[in-house]
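In the two complexes below, chain A is the common chain; its partner is chain B in one and chain C in the other.
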Partner chain A sequence: MLFRVMRNEWRGLAADRTLWAVTILLAAVMLFAASNGARWSALQQARHGELVAEESERLEETRAELLRIAGGGSPRSRFNDPRNPAQVGQSFAAGYALLPLAPLAPLSVGQSDLLPAHYKITLESREALFSGDELENPTNLLAGSFDVAFVVVFLYPLVILALGYNLLSGEKESGTLVLTLAQPISLSRFAAAKILAHVVVVLGLTAALMLAAAVAAGVDLGAPGAFSSLASYFGVTAVYGLFWFSLALLVNAFGRASATNAATLAGAWLTLALIIPSATALIAATLYPVPSRVEMIQAVRVAGREASERGSQLFGAYFADHPELAPEGEVDPGDYYSRRFVVEDEVSKQIAPLTERFEAQIRGQQSVVEKFRYLSPAVLAQQALNDLSGTGYARFDHFRSEVGRYADEWKAHFLPQVFRKTVFTAEALGELPRFSYRSEGAGAIAGRVGGAALMILLSAVLLLGAATSALRRYPLTG
Partner chain B sequence: MVMRIARKELLEMTRDGRFRVAGGVVLLLLLTALGLGWSRHADVTAAHETAVAQEREIWEAQGEKSPHSASHYGVYAFKPTGRLAFFDTGTEAYTGVTVWLESHKQNQFLYRPARDGNTLQRFGELTAATVLQLLMPLLIILLAFSAFAGERESGTLRQVLSLGVRRRDLAIGKALGVAGALALLLVPAVLLGAAALTAATADSESGGLMRTLLLAGAYLLYLGAFVGVTLAVSARAPSARFALVGLLGFWVFVCLAAPRAATDLAKAYYPTPSAQEFAAALADEKEAGIDGVDYEDFLEARKQELLAEYGVDDVEALPINYGGWRFEVSEEYGNQFFDLHYSRLWDQFEAQDRFRQRVGFAAPLLAVRSLSMSLAGSDFAHFRWFAEQAEQYRRRLVAFLNNDMRDNAGAAAFSYRQDRRLWRQAPVFAYDAPDALWALSGQSEAVAALVLWPVLSAFLAWGAAARLKP
Partner chain C sequence: MLEARGLTKFYGSLKALDSLDLLIEPGQVFCLLGANGAGKTTTINLFLDFIEASAGEARVHGLQVAEHPLETKKHLAYIPERVMLYRNLTGLENLEYFTALAGHEEYSQDQLRGFLTEAGLSEEAIDRRISAYSKGMRQKVGIAIAVAKKAKALLLDEPTSGLDPKASTEFSELLKRLSGEGVAVLMATHDLFRAKETGTHVGIMNRGRLVAHLTTEEIGHADLERLYLEHMRG
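Our next item is the complex of A and B:
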């Protein structure tokens, strides 16, 4: 009987133009989204290529210049001399730290348009290293991308609701509900069979379209972890879909008219997918306002002035703090570069409390988000999909800390040479520390994604429970 | 008759629980967004004012050094936030807040506030503007989808028409009823917003009042378009259910899909260069020069002019400091390339924005969003206006320092020192905000789309009402 109802539901869906319209629409938006994602990924890949090429070309030129000078040539100027380790660390050999694209990157743009996926590492302070941005029209950043994750998080629930808003109310309004229930089947079994028929159709369709989108977006399914990530991507989508199916069933279980159901579901979608996330963002920003960066710049300027006034007195304290950087023998406190880095370090130390306040406020905001996100399956799904595509906040945060570590390494490599006034040579160019990204580990990502999926599933189950109990009081007539 | 219909519609809506709940939520969100937007805006403005004053102090207290060193020390310019930005924050979270002005270089703006925000910002910011742009249309749909279709289903439409009520009176009455219900929500919000604004616009140099009025007009047109479309669909739809689902689909297209789709298309047609490409192209062209005239040639030509002007044949014989003069020539040479490349980049961004405006003919949200950001002073064009003024100021400041060296350093080169007295005389950056007409001038397509939509939708509603089937 269950299967017969399902088969009948499929016939109904197939005969109804809505399903075909929805299928064509969903296929069109998925492929459009896939092509957008493919374009963005290719662009980023090309940018990384440009940076790598620029860096190796620069290193080659520096090597040639060093060999020319070693052969008796003179440097172009005092400020353009690759024998000076400070200039090498600042510009000649400054290396890029790149965040590699994950295999599913074309499916979610996530934070990758806003947060840098590369930093140029010099001997500058950390604040300076991290302040750079990619060029982008701010209006583009504001609007966000039409990517596959957008289709999944926002449009796909609407497809589910458009097909299911009159699951029972439609039957009731056309008079078939009472007739059907005259057969040996209970209302809850009937409703279950109908919703199951929808689940099979929509998830089957989505699985096929998602695979097509991944292929169209140029995802290399042979890459390590790509296929399992895509499977998880679909898994999150499926669980997220179950939530909306359950919601449609629950709303139908109250026995209202189709138009009322449609309005109620639209309101629920609006609340869960748009209002709660943006209200949470606003609450977080109000509870933990991040001070304007303007304040930070001022603090750096003031600290910088005071530190340069103290100048040479800073050396003693500096080497007490950084014994590993101290060269053997005397340091020339009059040396421009030695002085500069010591002053900069003092500035970083002075503004550390302010930097800490910034980071504490950002962490505070993020903690509000972490708590409130359980209110919205859309937020959970979006974060999980970004995590699987390697474009989530957490991965960029991890990248930043990796870059910070590398920047320290870079400084530790060059500063003793600066203080010692070592003459930099072509051989030394081959011994530079290079950046390679160590990923945060599959376990961390699986934990976050699994946790989010579980929470969505749990809310779906709760809705189903509520729907079952409401169905017992379903008003068959009136 | 029209008024009686309108009154009946309004009464029905205000008694309806749906309207009370949905309207209450929208009003609450609108007031919250206005209030929090206002307080955040006040904080940002205060921080900005402190910073501007402090920056000048820092500049003046930089100590004794050569004017050229001072030009390397530079100053920071801080982008002010427009007075109406509390209503529509527009792109403010995504534009850098400050730029470092130093000699030789036009720098990029730093510190996009969004990078310091939380991840949920990307779901869209809750501002008064987004409530009006996204939620109000939905409320209109909810209020009016059953205007005709519902009455047809319940049979009252047949009765009313049989009484000889003119179909078009019915349409106008229903439109007025919806408008009245909306006014119940909008009037308190508008009064509050206006009060906040009057408090803010003590001086009206950037045309605050004009901008506010134009904003109100833009939103009236936008919401009017939704009233028209909703009534037209309700009059034509076979059932209330069909009208609602169709209208919700329309809303999803206009408010959700179109802005993102337009952005991806804009980026595909008018690609943004990478920072690396931009910097490399700038450096390459600066190296190669314009029409084969590189820096050496440029300097040589200017040097000959200079020598001729003073009637000497060697720079040693000049009564001015040649080094200071040459610094300024190198600025002039470099500025040509900054002008060229930055305007190319920014024109590209404006082409993207203009493309979005044109999509406004298909999806009015894009038109109202563009116009609203522009009138609130938080769009890219206003950012560019500021950035260009900051750049002009950079050039004035650097020229002031170079010219001091040229005129007063004599034969001394780097040993020439200046102090607080000169730093104090240096030009001050006074930002001149553009007026409302300037803001409007870049929005012709958005304005056209925004006028066309309500006219077209009223026409459709009118036509549908005339052929109303009982």
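Our next item is the complex of A and C:
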């Protein structure tokens, strides 16, 4: 009986132009989104390739230059001398820390157009290294690029609603509902069969289009983890779809007119997909205003001037803090490079309270975003899709901490040499610490994605429960 | 077969049906007469469990409708005033679908076509989409659906309104045949002539109350009309 109703619904959908129009439209936007994603990924991939090539070329040149000088040549100038470890750490051998693209990167641009996927590691302070970073802005997070994730989060719900806004109201208005319910089938079973028919059609269509989009975007499905990621990507999409199906059913269960249902559902879409994310950003910024950047820059300048004036007095305190960096014997307080790093360290210490306040506010904003995202399945879905594509905020955050760790390692490698005025050699060039990204682990990603999917599923179940109870009071007549 | 006991329905403070007592035995054709808003459709909707009774009970085949909504519907066939079908499907496809919902998957295509021609639908119309059907043609598909269900009771809500005289006569003959087979029929109608012709019993309703109840044998057509108008005035 259930299958009979489903088959009838399919016949109805097939005879209706809406389904075909929607299919063509969805296929077109999906492929367009795939080509956008592919272009962006290729651009990033190319950029990474350039950086790697530039770095190895630079290292080769440095090695040749070191060998030339060792063979009796003289350096090009005092400020262009690869024997000076400070110059090597700062420019000659400065390495890139790259965040590799995940297999599904072409499907979600995510944060990758806002947050850097590479840093050049020098002996600069952390403030200088990360000064370009901004927090996750949910508006940007949502209304980002026209990628597959955008199609899933924004357009796919509209497809579900366009096909389902009159699920029951249409039958009530055309008069077929009474004839149906004169047969031994309950309204809730009838509605369940109809919505199930929609679920099969829409999810089947989406699965096929998503696979096509992945192939078109150049996702290598043979890469380790790629296929399971794509399966999870579809899983999140399916669960997110269930939410909208449930909502369509609930709205229909009140027995209002099709036009009312359409308006109600459009309003719900607007609220959940657009208004809540924007409001979240606004609330976060209002509750946790970030201190102005101008104030920050000003503080750095003042601290820098003061530290420079105190100059040589700083050395004692510096080596008390960093005994591991202290060279044997005396440090030359007149040495430009030694002085520079000690002053920089002092500046960092001076502005630490301000940096801390800045970071605390950003953490506060993050916590607001973190809490409010549960109000909108669109935000949850977007974050889960980004996570699966390796373009989520969490992965960039993890990358940043890895980069920070590496930058410390880099400094710890060079600073003793700077203070000791070691002469840098071609052999030493082969012993530099290099960055390799350690991913945060599949468990962490699965935990976040699973958590988000579970929350969406839970809200879908709640809506279904409400729909079931509303269907019991469905006004069949009048 | 169809029984109402003190069946009452309020819409807010409006009493749409006032303690109706009614018993329709197998083979009886009960014609419910009355003006619009007299409670005829409310009665039918209560038997179908489309609305909830405020008091009293409706029974089909001895089962209380409110308690066994699905079981009782197996015994009921229903033809509304305007039979509305799936416009994108043909007459045959509509019949096949509704018959399957009713639990009859066993019919062959030929048998299904038979039901439609029997109901008066022309051969060439059977495979056309409903969107091209007139009201009368849809009504005939509705009749075929009701007949194919092989129900023990038939609920008709002004089924002949909009049918041409020939179709209307054919419909009366069909009703006679079904009642001969032991089907209990409850028909709401405005058509006094048809009620006298096909009905075994006649009831007149006014403002939710059954004000007269008689067998058609007891009364001539002219008398029925006089009685009807009397009650309408009262």
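The definition used in the following text is that the second predicted complex is superposed on the first by the 466 of 478 C-alpha atoms of A that agree within 3 Å, B and C clash if a C-alpha of one lies under 4 Å from a C-alpha of the other, contacts with A are read in each partner's own complex, and residues count from 1 in each chain.
Just so we're on the same page, contacts are C-beta pairs under 8 Å (C-beta built on N, C-alpha and C of every residue); 3 or more make two chains touch, one makes a residue touch a chain.
Bear in mind that the values here come from a model prediction, so they are computed numbers and not experimental data.
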What does the overlay on chain A give for chain B and chain C, a clash or a fit? fit
First, second, both or neither for A:305, with chain B first and chain C second: first
Which partner, once the models are overlaid, touches more of chain A's residues, chain C or chain B? B
Output check: A:193 vs chain B and chain C. Expected answer is one of first, second, both, neither. What do you get? neither
After lining up the shared chain so the two structures overlap, which partner does A:282 touch, if you call chain B first and chain C second: first, second, both or neither? first
Using the touch definition from the top, say if A:380 reaches chain B (first), chain C (second), both or neither. neither
Tell me, in angstrom, the smallest C-alpha to C-alpha distance between chain B and chain C in the overlaid model? 16
Chain A touches which residues of chain C in the complex? 45, 48, 50-51, 69-71, 73-74, 76-78, 80, 82-89, 93, 97-98, 100-103, 142, 145, 149, 155
So, in the complex, the side of chain A touching chain C is made of residues 1, 4-5, 8, 11-12, 15-16, 174-176, 178-186, 476-477
As the complex stands, chain A meets chain B at residues 29, 32, 36, 39, 43, 47, 50-51, 54, 111, 114-115, 131-146, 150, 154-155, 158, 162, 165-166, 257-259, 262-263, 266-267, 270, 274-275, 277-282, 284-286, 289-295, 297-298, 301-302, 305, 309, 358, 361-362, 365-366, 368-369, 373, 378-379, 382-383, 392-393
Per the touch rule above, chain B residues touching chain A in the complex are 18, 22, 25, 29, 32-33, 36, 39-40, 43-44, 47-48, 50-51, 54-55, 58, 61-63, 76, 78, 90-91, 93-98, 108, 110-126, 130, 134-135, 138, 142, 145-146, 150, 240-241, 244-245, 248-249, 252, 256-257, 259-264, 266-268, 271-278, 280, 345, 348-349, 352-353, 356, 373, 379-380, 383
